[in-house]
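Going by the order they are written in, the chains are A, B, C, D and E; count residues from 1 in each one.
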Amino acid sequence: ETLKVGMITTLSGGGAALGIDVRDGFMLAIKQAGADIEVIAQDDQRKPDIAVQLADKMVQSDKVDVLTGIIWSNLAIAVVPAVVQQGKFYLSPNAGPSLLAGERCHENYFNVAWQNDNLAEAAGGYANDAGYSNSFLLAPNYPAGRDMLTGYKRFYKGAVANEVYTKLGANEYAPEIAQIRASGADSVYFFLPGGMGIAFLKQYAQSGLDIPLVGPAFSFDQGILQAVGEAAMGVKNTSQWNKDIDNPTNKAFVESFQAEYGRLPSLYASQGFDTASLLISAMGKASVSDADAFRDALRAADFKSTRGDFAFAPNHHPIQDIYVREVIKEGDVYTNKIVGVAMTDHANAYIDDCQM
Amino acid sequence: MNREAAISLLIAAGLLAAPLLGNAFDEPFVITLATKVAILGLAGTGLNIALGYGGMVSLGHAAFFGLGGYVAGILASHALNYEPLFTAPLLVEGTTQMLIIWPVAIVVSGVAALVIGALSLRTTGVFFIMITLAFAQMVYYFAISWPAYGGEDGLSIYIRSEFPGLNTLNPLHFFAICYVLLILAIGFSFLLSQSRFGLALGGARQNAQRLATVGISPFRVKLTAFVISGMMAGLAGALYADLNRFVSPSMLSWHTSGEIMVFVILGGTRRLFGPAAGAALYIVLENTLGDVSEHWLLLLGALLVALVLFARGGVIGILAGQTRHA
Amino acid sequence: MTVSLIVEQLLNGLQFGFMLFLMAAGLTLIFGVMGLINLAHGSFYMIGAFACAAVAAATGSYWVGLAASLAAAAAAGALVEVAVIRRLYRRDHLDQVLATFALILVFSEGTRWVFGSFPLYLTVPDFLSGPVALPGGIDYPLFRFAIILIGLVIAVGLFLLIARTRLGIRIRAGESDREMIAALGVDIRKLYTTVFAIGAALAGLAGALVGTIQSVQVGMGEPVLILAFVVIIIGGLGSIVGALVSAILVGLADTLGRFLLPVAFDTFMDSSTANNVGSALASMLIYILMALVLFLRPTGLFGTRAH
Amino acid sequence: MPEPILQTEKLSKRFGAVVASDAVTLDLVAGEIHALIGPNGAGKSTVIKQVAGEIRQDSGSIRFAGRDIGRLDMVARARLGLARTFQVSSIAPEFSALQNVMLAVQSVERKTFRFLKPARSDTSLKEQAMSHLVRLLLDDRAEIRAGDLSHGEKRALEIAIALALRPKAFLLDEPMAGMGPENTAKLIEILDGLRTEAPILLVEHDMDAVFALADRISVIVYGRIIASGTPEQIRANEEVRRAYLGDEGHDGAA
Amino acid sequence: MTALLEVAGITAFYGTSQALFGVDLAVGEGEVVALMGRNGMGKTTTIRTICRMMPHREGRIAFAGRDLARLPSHRAAWLGLGLVPEGRRCFPTLTVRENLIAAARPGHWSVDRVVGLFPQLAERRNQKANTLSGGEQQMLAIGRALMTNPRLLILDEATEGLGPLIRREIWSVIAALKEAGLSILVVDKSLKELTAVAERCVILEKGTTCWSGASADLTPALTDRYLGV
């Protein structure tokens, strides 16, 4: 029978690019598999209260079986616990807050992207490999920002030159750049998603500083890179996916995505695609009406991921390789190339906090 | 009965009928939406007292709305985690009883309104708009970066708070609570607007100097109205927290202030049912336009512009004509 | 902490101040002088940035892009004034709030429709690119000096326009009594359309210039809107000098606050709490500043008008 | 002479270079109309504003009903019984004329903070307010929006509000301005009768009215009182003639 | 002779309430006409329709041979209407000088001539209008209208709030302007001065012209009946 999926994601306003990529990746997988899935995708406007109400609607009125789509951690925290309590499945294509990985983990909650700290941890690991010993850390002042610095420090072994939290949404980084200059750091680790990252990278390039930058993939994703341009060239960043990961699934995905939508897929598109692939694999094994069987089928993660090997840790978050990428230019297009592996079969730090 | 009264009755009846129909036709989401309309209408009714009757254009009501929400969230989360709020000087436990949460929310937001109002009422006009915004933004950034109750991530309540004799988890019951409170608030606004205090408040809005020369302190009158207004917004916030079983700083953001203000203007300032009508229209548009197009915000914007241009005095204004009680 | 760091931060604060002034310049005219509440100011800012980015990409010339930003924003401004704002002069101020709030939705979503959801590329033109070396070993980006310079020019220009020209006198007269100035023989409608378009063009120019070193994306105008209002209110309505002074004050407070507050708190609490509290306070700082100024001077620093 | 109810002592106020009032010493005793006249810009309104508390004097003191009110705000002074009218009508434009007066009545009753009882059902409030409108020939305009009244009607409403305050003293700033001849005559009659209720400090440029009404006249020029006395004394004063009256006083006598 | 200003049978409304029910009035070239009536009879409303600050519904208003019906108020002003409005309406945030030059049009009157007429304004050239005394504002309003160098000067209670000496001064200015050939329409409360300077009077009662004729024909019976004196 038809499986009903409710997708709550950001389709309007500033953060829409991410939501659209997740949705497009997700839909592509369904289309390719010809799976019998009905997707109801709706815009959460990046507001937690709207997201909660959409979840209510999808559960109560649309009677969906599975929910997915949320981009932002704060929205996920608002929506997921209530949804899974009502016996629905939630597959996260992006947000992976520590709360949902640890204390508030749930048997019906699966994260197909990463635990939030993962890419930061990998960046810390990479910093060790690169021989950095005095890092300057920079993130916006909100929970995800603090998690991203904690994740880095969890693996990074060197000293911390300074740790600076900026206002969320800040676009002006001259004061921080001055502090970096004065700090004597040998590397800068930063987490500044979206427009913040664009502004920072451009301003950093203008400042004439040449201390190496490293960060999680979020500021270097395919959509954003074109806007940063030259200023991002050569920067190392960590990601569980890149378009040049060498496996047939990924190759096919990148090609078909480009053919379908006329643009290169981003990290988020791959996550949307993988989420749908996981769902389809589980559908093949069990009916969603048999929750236990369906859950086991999901847990088996018996699908071909665009990132290669993929398995779930006990708290239903990925065990996966995380790569180091470098920003390059291919023709006119700025993109990433994998230059190394930061961590292999990496899980997450919250497994022990999770009792399910 | 004049025309506005008839329309008001119609709106009240419609808002009551929608969830009942939703329930009958197995569309429970309609109940949620109607509840949301009632709650945001309540917040708007509160703002209408300050903005409409008192002429105090506050762009900071999200602060009171959010504080009410956080009161509910914090009390409930302490109760659910069995952690007392304070141990010294006396033991204060959390609670999930609406009948306790509401008064606390009302008092907390009232006190906040008293402080913010007292400081802000030195200014008038757009300066007042901006200083109330400033205070709300302070609370907002504080909530975002203060980790104890979740910061930007917010705070989940998981279980809706309880009301004696009702099952609040039943959407209809919860709607009934919100609806009754909305009607009570509107009734109170009506009495207030017709009372001697309402007369003085209108005087303060139109000409504070005139009021002062007849020996009534415009400051005291306005501050009183501002506090009442903030209290209603706080109560609405507490209900909103229970509706979503979740509070977050977004309740405190200037968008929320702006949205509540839009409900009031859209419905018609100084119209008793204006805020509820505005909230209903906005929420219905928000929930139906999305199916029309991915670019539904554009449609919404265009519709709102058209409404401002052609519907003087808001929705109630076009329906009921220009006259209104001053 | 070295002297040169402090000097550099002061310079940053000053520069941020000029940037703020630039962002607020258009609003000074529309809101501060004409007295129209225009929440869609940020949209003109965004339109300028997108026009500049798109045209610069198409033509390869940053300068043509800048010209396009002026033209596009002015056109949008004139259109908005004629189609919407003009019909609201006789109404409650609040109708302007609702209408321009709605216009934000229209412009943001319209821009996303035309340009897609991804940020656009816009970067510093080559000959303004890179740092210059200042005495004391400070490298400072050349483009930021250009922003200071342009900010100054606009400040002086606006000041002369408002305070010294007949046009300025008429705008101010219209702000307090449109009917009367018209009865005396001034075509106030045309005048207001023109000035609104100029205000929008200034916003567009600011969007292009600031977008060059920040990011060009949908929604970029929203934080600007609030900042610009803050600047004008602190300065006092109608006062160009006030707007400039207040922009610099806000710029310095914000820059020094985010840099010094964590350090200051570090002296008496453990460093991670200090960092949290300090940066939390820093993000509230400009609002604290605004509340303080308004508490002490309810019509702003240089304001006399209580409207 | 009885103890004055209102007494200003050396009130001074400067605005930059302009000395708006310069050591103004004035008093008002029960039962009298004391006119304050002088050229435009001489500082008459400034005196009224200082007494009413709209602006704070730079120096000097004000006593009213036996207390020093120099530091009280407008509201407190009004509550002590000072009723003031404005040179430029100051009314609540969206309220009806009647509601404008009701506001004053309820203030006198000290019953403003009543939230639940409808004011319109309060017949005594309404009746009292109406009686004051009747006095100023405004009864058929009672339900009109005050902002829609004609200029002269607004001026009359302003007086009605002051009457409704039943004050201990009136401060009237050009009450006749803008009123037609008929209403002026009517107002002269009203003020004439009013002086026994409460004394009036009257600022007015209508010399017919001033000479018809005043028991005492003080003349202010450049912020300074240059003469004070009975109407006859003032009319005869050469300096006053030169600075202000011209030959107006003679006409008034004629 | 065709009149400079001709108002015939106009009616006008504020919202739904009618204020004018048929006003007729004419001002000839170089003529001074007084518009009279009790408070609230429609004098100001008539003036507002002439200056196009509000529309009329029926009737005709022509100025210098042009129908004003479709003109916006600034165009009417360009034809040569100069208004001293009721209640002064100086631009409060502008200085005295700025008030004067805001709408100035070239001609005889200049800032220097105006402050020559009202020396008190000279010292206050750079003072904001909202800090002027009432009488000073009135002088400013008159000066501002003169600065537009009108063909027809319309004075709505222009001597309100002025002291006796200045008032006399204004009346002699009006007389002088009349000598110089300016047409004037004037509303004022002081009958004596009005009838001295105006050739003709028009009296309004409840929004209609109830009497008009030469000043000389204005009998005490008439003034008692229509003006209450």
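Convention: a residue touches a chain if its C-beta (ideal position, glycine included) is under 8 Å from a C-beta of that chain, and two chains touch if they have at least 3 such contacts.
For clarity, every value in this text was computed on a predicted model and none was experimentally measured.
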| item | value |
| --- | --- |
| Touching both chain D and chain E (chains) | none |
| Winner on C-beta contact pairs when A-C is weighed against A-B | A-C |
| Inter-chain centre distance, chain A versus chain E - centres from mean C-alpha coordinates, in Å | 74 |
| Chain A and chain B: spacing of chain centres that average the CA atoms, whole Å | 36 |
| Where chain B and chain E are represented by their mean Cα positions, the distance between them in whole Å | 51 |
| Inter-chain centre distance, chain B versus chain C - centres from mean C-alpha coordinates, in Å | 31 |
| Where chain B touches two or more other chains, by residue | 141, 144-145, 147, 295-297 |
| Set of chain A residues in contact with two or more other chains | 12-13, 141, 165, 167-168 |
| Where chain C touches two or more other chains, by residue | 108-109, 112, 276, 279-280, 283 |
| All touching chain pairs, where touch follows the definition stated at the start | A-B, A-C, B-C, B-D, C-E, D-E |
| Residues of chain B touching chain A in the complex | 27-30, 32-33, 36, 141, 144-145, 147, 150-154, 156, 158, 171, 240, 244-246, 248, 250-251, 255, 290, 294-297 |
| Contacting residues of chain C [partner chain E, same complex] | 166, 169-170, 172-173, 175-177, 179-189, 238, 304-305 |
| For the chain B and chain D complex, residues of the former touching the latter | 191-192, 194-200, 202-203, 206-207, 209-218, 221, 224, 326 |
| Chain B contact footprint on chain A (complex, rising order) | 11-13, 42-43, 47-49, 52-53, 56-57, 60-61, 73-74, 77-78, 81-82, 85, 97, 99, 141-144, 146, 165, 167-168 |
| Of all residues in chain C, those that touch chain B in their complex | 31, 37, 84, 87-88, 91-95, 97-99, 101-110, 112-113, 226, 229-230, 233, 237, 276, 279-280, 283-284, 287-288, 290-291, 294-295, 298-300, 306-307 |
